[in-house]
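Paired with subunit B in one complex and with subunit C in the other, subunit A is shared by the two complexes that follow.
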Partner chain A sequence: MIEPAWAATAPALVVAVTALVLFLVDSIDPESNRPALLSGVALVGSLAAMGVALVYLLTGVGESPVSLYGGQLVVDQMTLFFHVIFTSVTTVVVLGSHDYLDSHPYQAEYYILMLLAVTGMAMMAASGSLAVAFVALELASLPSYALVAFMKQNRGSVEAGLKYFLIGALSSAVFVFGISLVYAATGTLLLDGIADQLVEGTALPGVLGVGMLMLIGGFAYKTASAPFHFWAPEAYEGAPAPVSAFISSASKAAGFALAFRVLITAFPVASAGVQNALDWTVVAAVLAVVTMTLGNFAAATQENVKRMLAYSSIGHAGYVLIALASLTGTGDQSLVLGAGMIHLLVYGFMNTGAFLFVALAEYWDVGRTFEEYSGLGTQAPFVSVAMTVFMFSLAGLPIGAGFLSKYYLFAGAVNGGLWWLALVGAVNSALSLFYYSRVVKALWIDEPDEPHTIESYPAALYGAIVVAAVVTVGLLPGLFLFDGVAFDAAAVLFS
Partner chain B sequence: MAESLAFEFAPAIAVLPFVSFLVALLAGRYLPKKGAIAGMVATGGSLLLSAWTLFAVHTGHAYQQTLYTWVGGELVDFELTFGILLDPLSTLMLVIVSTIAFLVHMFSLGYMNDDGQTGLPRYYAELGLFTASMLGFVFADNLLMAFMFFELVGLCSYLLIGFWFREAGPPSAAKKAFLVTRFGDYFFLIGVVGVFATFGTSMFGGPGVDDSFVHVAEQALVGEASVNTFGFEPQTWFTILGLLVLGGVMGKSAQFPFHTWLPDAMEGPTPVSALIHAATMVAAGVYLVARMYGFYALSPTALAIIALVGGFTALFAATMAVVKREIKQVLAYSTISQYGYIMLALGGGGYVAGVFHLTTHAFFKALLFLGAGSVIIAMHHNENMWDMGGLKEKMPVTYYAFLSGSLALAGIVPFSGFWSKDEVLYETLVHGLGGSPILLAAYAMGLIAVFFTGFYTVRMVLLTFHGEPRSETAADPEPVRWNVKLPLAVLGVLAAVAGVINLVPVHAVVSAVPEILHDWLYHGPTGLNGEHYHELITNDAFAGYTSGELLGLGETGTLFASAGISLALAVAGSLLALVLYRGPDPAEHTDKLGALKPVLFNNYYQDEYQVWLAEGATVRVARLADRFDRGIIDGLVNFVSSLSLFSGDRLRRVQTGIVTNYAALLTLGLTLLLVAFGVMQGWFV
Partner chain C sequence: MAVPVQYYLVFSTLVFCIGLFGVLTRRNALFFLMSVELMLNAANINLVAFSFYHGNLTGQVFSLFTMALAAAEVAIGIGIILVLYRNFADVDVTSATTLRW
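And then the complex of A and B:
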């Protein structure tokens, strides 16, 4: 417990305040051209938030959930775990953005939008009612649209932003419609209240079922899962690469945080109402198979590295959906959920790192396709090693923690009786090695047509990539020591 | 207190040489003797610690400790561990291995460093790793750990044989040694898995071990325990397991038909030949049989096969040694032959005799190899005995040490080899007379081999050291230094007197003279001592050997008759060689062999048929497998991958870039889900 209770939301507050500080700085000196100040403030803010979240998590502030404003906000260990994911991704992305934005105008707006989006994500992970969930989702989404379209002079960026916004608007409509149907069936928006209403069953299983499915649609949109994934390849490809990193890692994690929270708390699989209306683990299983197969197959045929990463990101959403599908009530539930959370944590680092490498390539203007990456291994060996680590870790080779988190996921699925789903996951994983290793091959083995001209080695972007790589590798042994934190955090949800 | 302290330090016996491996590998270049000193310090330390544990076992008890469990826990119903087992057998072997490793390191100073060889850090690193793996193998407390170190030993052997990898011969010999021993190890590995599947443990036993697989097997045979024998009779199944493990033993100990790698392995540096191919690695095979002797003693079939293989190999290799021209080749074949004797002893129920011969042979064969190394230094790396002669006056220390080793090898009284070889033959004889005609056949082969052994040994000594020098280098040999002479002197003395540890014939007459080794091995921990093995051997439920005696001579009479026969044959062989090859300028007599000559020179065409097996049979099968793999398996894989790429391409086209299409598809997807789950959950009813 913590006194006063609102202090439990400190990670979100720190991020929000940092956004306001940046706003202040920008309004005092709007014409300023001091990128180091802006990125510095954003970095300090996200670091501070990460520190607070870590301290809270490790000291067990959320071991008995802190309920605020009549249950509208809930801070437990899982909330804090996700706060660590959001803030650490933000830290790395902010660090990488410093060089990427270079002398681009409106940098203050960039960081403000990003920090506001993180605030929204933090609220998503802490939402205790569907109303808060919707508002938080919008708070996370709206800045994201603007961020994707941040390169105003770049047609691709603007187009991607618009598409993202349109699909997002449609998905939000589905989501909010789902909320209204659930409200119609249960008469409450509080997650705990919904669960209480469903213990005895429901008089309107059809209404509730459609509502739940539409809620799941909202989650699918945020996590870029099928069939709500169409925005993702476009948005990730068109957006500035650091923004792609941010959205594909943090935003996806936020979607899952919300999905875990809502589905587990409000719609326990065992309760009679849920059984009558919709067994959402089956929906998750279907979506998992479709999403990972679609993501991996489409990724295999891409020529553009960034677009490949976009589809791979869809594939990884499919892997995490395995965790959701395995919450069938049999087996060790906290193991399954913890596995999903661990995968999101690891994914946050390895995927962010991979996108930042793309950012670096864009910074150097080497091009976007696999062929154009060839020979980078000799000219920038340091980051190329890091990229190799990211690729192999994403594929699940035991060079980074991606191996272990995937292993936990599949083990959790087998544990929950869904061995066939684990098998599909493993096959998909094997396929993914094909396209990930294409990057490695291009970097180290292929000869470039003409040598790249690399003029400078941006320190901050390098630093961000190295941090991501070190954490990716370090978590491999680290998880053996600290995976208990995730499993304990997951266990709070079931107690 | 001191005793437990010795056991606490015991793991360091293997760790020390491993450290010297690391030192030589990482910093060998900067060290004064390129890692030799580090190696000597480490092996010297191992020797002292081994001696300490030997003493501790002598005054106290055996010791077993599990050091590390790497697979285990509640979810798995068996444990895979690393641990050490210190009992009379393993401590004795530790002392032997570390003594010889120490002396070989010292000798290498003369053979490698003084000769200005390059790549010395690599050499000493490999020697260190080899010593560490061998010592780890010796004190392993379970079969799986033994297997792992067994493989490490094989790897080091490969590296050391191929030390001069820029020449044509060594890499090829290294590959051959690796492949041939690996072939045997396949069976060993299957055996290890079989032991786990059957008993759920692979512990050898020792104090504190409740259920060793050896003990469980024994109980299963008398009906006190039940194990999964996969539908076989327990004794049949245990015989199969024993024979599978024996595959590895025969590969490492160069028993027929896996002996072909050892003569080729002489391509390695001579100190390596002494360490690996005489005293330790080859000993690993037979040591393993001794280690799990309680298991083999349960199966008369396995014992008979061991004895037959041993006796045949002893004779077979001895006949090939008769015609060899290179000094190291003679020694190589004599090694194969002598290990045949050890196998013969173990198979014939002579556990103590086998360990005894293992001990004496380790010393005199290391001595002979180092002596040969000294000669080779003197001869500027010419190994042909027909180019030598007359080295006796030029290198007296080498000569007398070599002579001591040779007499031991030939089995001339009172040198150590006589006592041990005699006991080997005696044990086999009495058990054969006790109603096992197969053992008698094996004994007969071993006995005939004694004659050949005497012959080729004396021939080797005469050609090398006696007569007139037959080349310029022999007339003016390169002098050798203390670091060569000292190991020779030490081993020369040991080869002469090591027999005192088990003077069985003397003990039979004057019972005041102790049979030290016999008592030593009998006092081991429960289930792992010679006494227990003797009970197993003579129990009808297990091997069921009984002792017989020669027509009316009585026990002591048989003992002396056996000793007399073997000594007479050894002397006869030696005298024949003396007659043929004495004088200042001996002639080659191989032509007198007639049609046998090419057969012997070509080693009974063993290599030829194994090459045919490899090239004619294996390559053909491999080609078929390759065709299957490429056509069917790869075809399938290629089909799957092109299918994936094709469908991936289709999926890609769904992403048209037109946002209204996306909205439509999204809505369509949601509708599909709604309809499907609506029907499934019955919302529309």
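And then the complex of A and C:
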């Protein structure tokens, strides 16, 4: 426990206050561009938030869930675990953005939007009612639309922003209509209250079922899973690469944080109301198969590295959906949910690192396709080693922690009786090795048509990539020591 | 309640479907925004009607939040449509095709 109780939301508060400080700094002298000052403030803020979240998580502040404002906000170990994911991704992305933005105007707005989006994500992970969930989802989404369209002279960026916005607006309308249907069936928006109502069943099982399906649609959009994944390749390819890193790692984790909490807390599979309306584990299983197969097959056909990473991001959403599908009530629930959370943590680092490598390539103007990446291994061996680590870790080879988190996920699925789902995941994982290793082959083996001319080695972007690589590798032994934190955090949700 | 609550459910579903139809068929980005507004307001109808039906204020209060967020979403949307117009000299959502669908 922590006194006063609102201090439990400190990670979100620190991020929000940092955004306001940036507003202040920018309003004092809006004309001058001070990249170092702005990114410095943003970096300090996100580092501080990460520190607070880590300390809270490791000291067990959320072991008995802190309930705020009549249950509207809930801070438990799972919330704090996700806060660590969001803030660490933000820290790495902010560090990488410093060089990427270079002398671009409106840098203060960039960091403000990013920090406000993180605030929304932190609220999503802490939402105790569907009302907070929707407001937080919008707070996370609206700045993201603007961030994707940030390069407003760049047609690709604008187009990506438009498509992201169109599908985002559509799916948030679907999401809020789903909320209204759940409210119609149960008469409350509090997650605990909904679960209490459903113990006895509901008079409107059909309405509840459609409402739940629409809520899942909202989660699918935020996590870039089928059937609302169309925006992802466009948005990730067109957006500035650090923003792609941010959205594909942090935003996806936020969507899953919300999905885990809402589905597990409000719609326990065992209760009569859910049994009559919709068994969401079946929906999750179908979506998992479709999402990972579609993501991996589409990724295998890409020529553009950024677009390949976008489809691989869809594939990874499919892997995490395995965790949701396996919550059938048999086997160790907290094991498989904890596996999903660990995968999101590891994915946060390896995927952010991979997108930041793309950012570095854009910074150097080497182009976007696999062929254009050839020969970078001899020119920039240091980051190329890092990129190799990210690729093999994403594929699930035991060079980074991606191996371990996937292993936990598949083991959890088998444990929950869904061995066929684990098999589909393993086959997909094997397929993914093909397109990930294409990047590695291009970097180290292929001869470039004409050698790249690399003039400068941006220190901050290098630093961000190295941090991501070190954490990706370090988590491999690290997870043996700390995986208990995730499993305990997941267990709090079922108690 | 003078009007049975099922009627509100049918009405809101109709409004939602009209909005969805508009989203799927309209090519003009501004019509798209209006259609999304219809879908959001369909949810508001449900929230207010069932707030009365269940006898608590949760739904009514939440519908206020929904309206505020709809306004915020339109503000961002108009901004993006503006830069779309500046770059492509059109507000047709299908004209922006530099990236492959």
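The rule is simple: the second predicted complex is superposed on the first by the 495 of 495 C-alpha atoms of A that agree within 3 Å, B and C clash if a C-alpha of one lies under 4 Å from a C-alpha of the other, contacts with A are read in each partner's own complex, and residues count from 1 in each chain.
Rule of thumb we're sticking to: a residue touches a chain if its C-beta (ideal position, glycine included) is under 8 Å from a C-beta of that chain, and two chains touch if they have at least 3 such contacts.
Source: prediction; values computed, not measured.
Applying the stated contact rule after C-alpha superposition, one finds that A:F480 touches neither subunit B nor subunit C. Using the contact criterion defined above for the overlaid structures, shared-chain residue A:G209 touches subunit B, although it does not reach subunit C. Once the two complexes are overlaid on the shared chain, A:W420 sits clear of subunit B and of subunit C alike. Of the two partner chains placed by the overlay, only subunit C lies in contact with A:A160; subunit B stays clear of it.
Applying the stated contact rule after C-alpha superposition, one finds that A:V283 touches subunit B and leaves subunit C untouched. Applying the stated contact rule after C-alpha superposition, one finds that A:F382 touches neither subunit B nor subunit C. By the document's definition of touching, neither partner reaches A:Y69: not subunit B, not subunit C. In the superposition on chain A, contact of A:K152 is made with subunit C only, not with subunit B.
In the superposition on chain A, A:V174 makes contact with both subunit B and subunit C. Annotation: subunit A residues 162-163, 166, 170, 174, 233-234 touch subunit B in one complex and subunit C in the other. Partner subunit C is touched in their complex by these residues of subunit A: 131, 134-135, 138, 142, 145-146, 149, 152-153, 155-156, 158-163, 165-166, 169-170, 172-174, 176-177, 179-181, 183-184, 187-189, 207, 233-234, 237-238. In the complex of the two chains, the subunit B residues touching subunit A come out as 641, 644-645, 647-649, 651-652, 655, 657, 659, 662-663, 665-670, 672-674, 677-678, 680-684. Those residues of subunit A that touch subunit B in the complex are listed here as 162-163, 166-167, 170-171, 174, 205-206, 209-210, 213-214, 217, 226-228, 230-231, 233-234, 276-279, 282-283, 286, 294, 297-302, 431, 434. Of all residues in subunit C, only 9, 12, 16, 19, 23, 29, 32-33, 36, 39-40, 42-44, 46-47, 49-50, 53-54, 56, 58-59, 61-62, 65-66, 69, 72-73, 76-77, 79-81, 83-84, 86-88, 93, 96-99, 101 touch subunit A in the complex they form.
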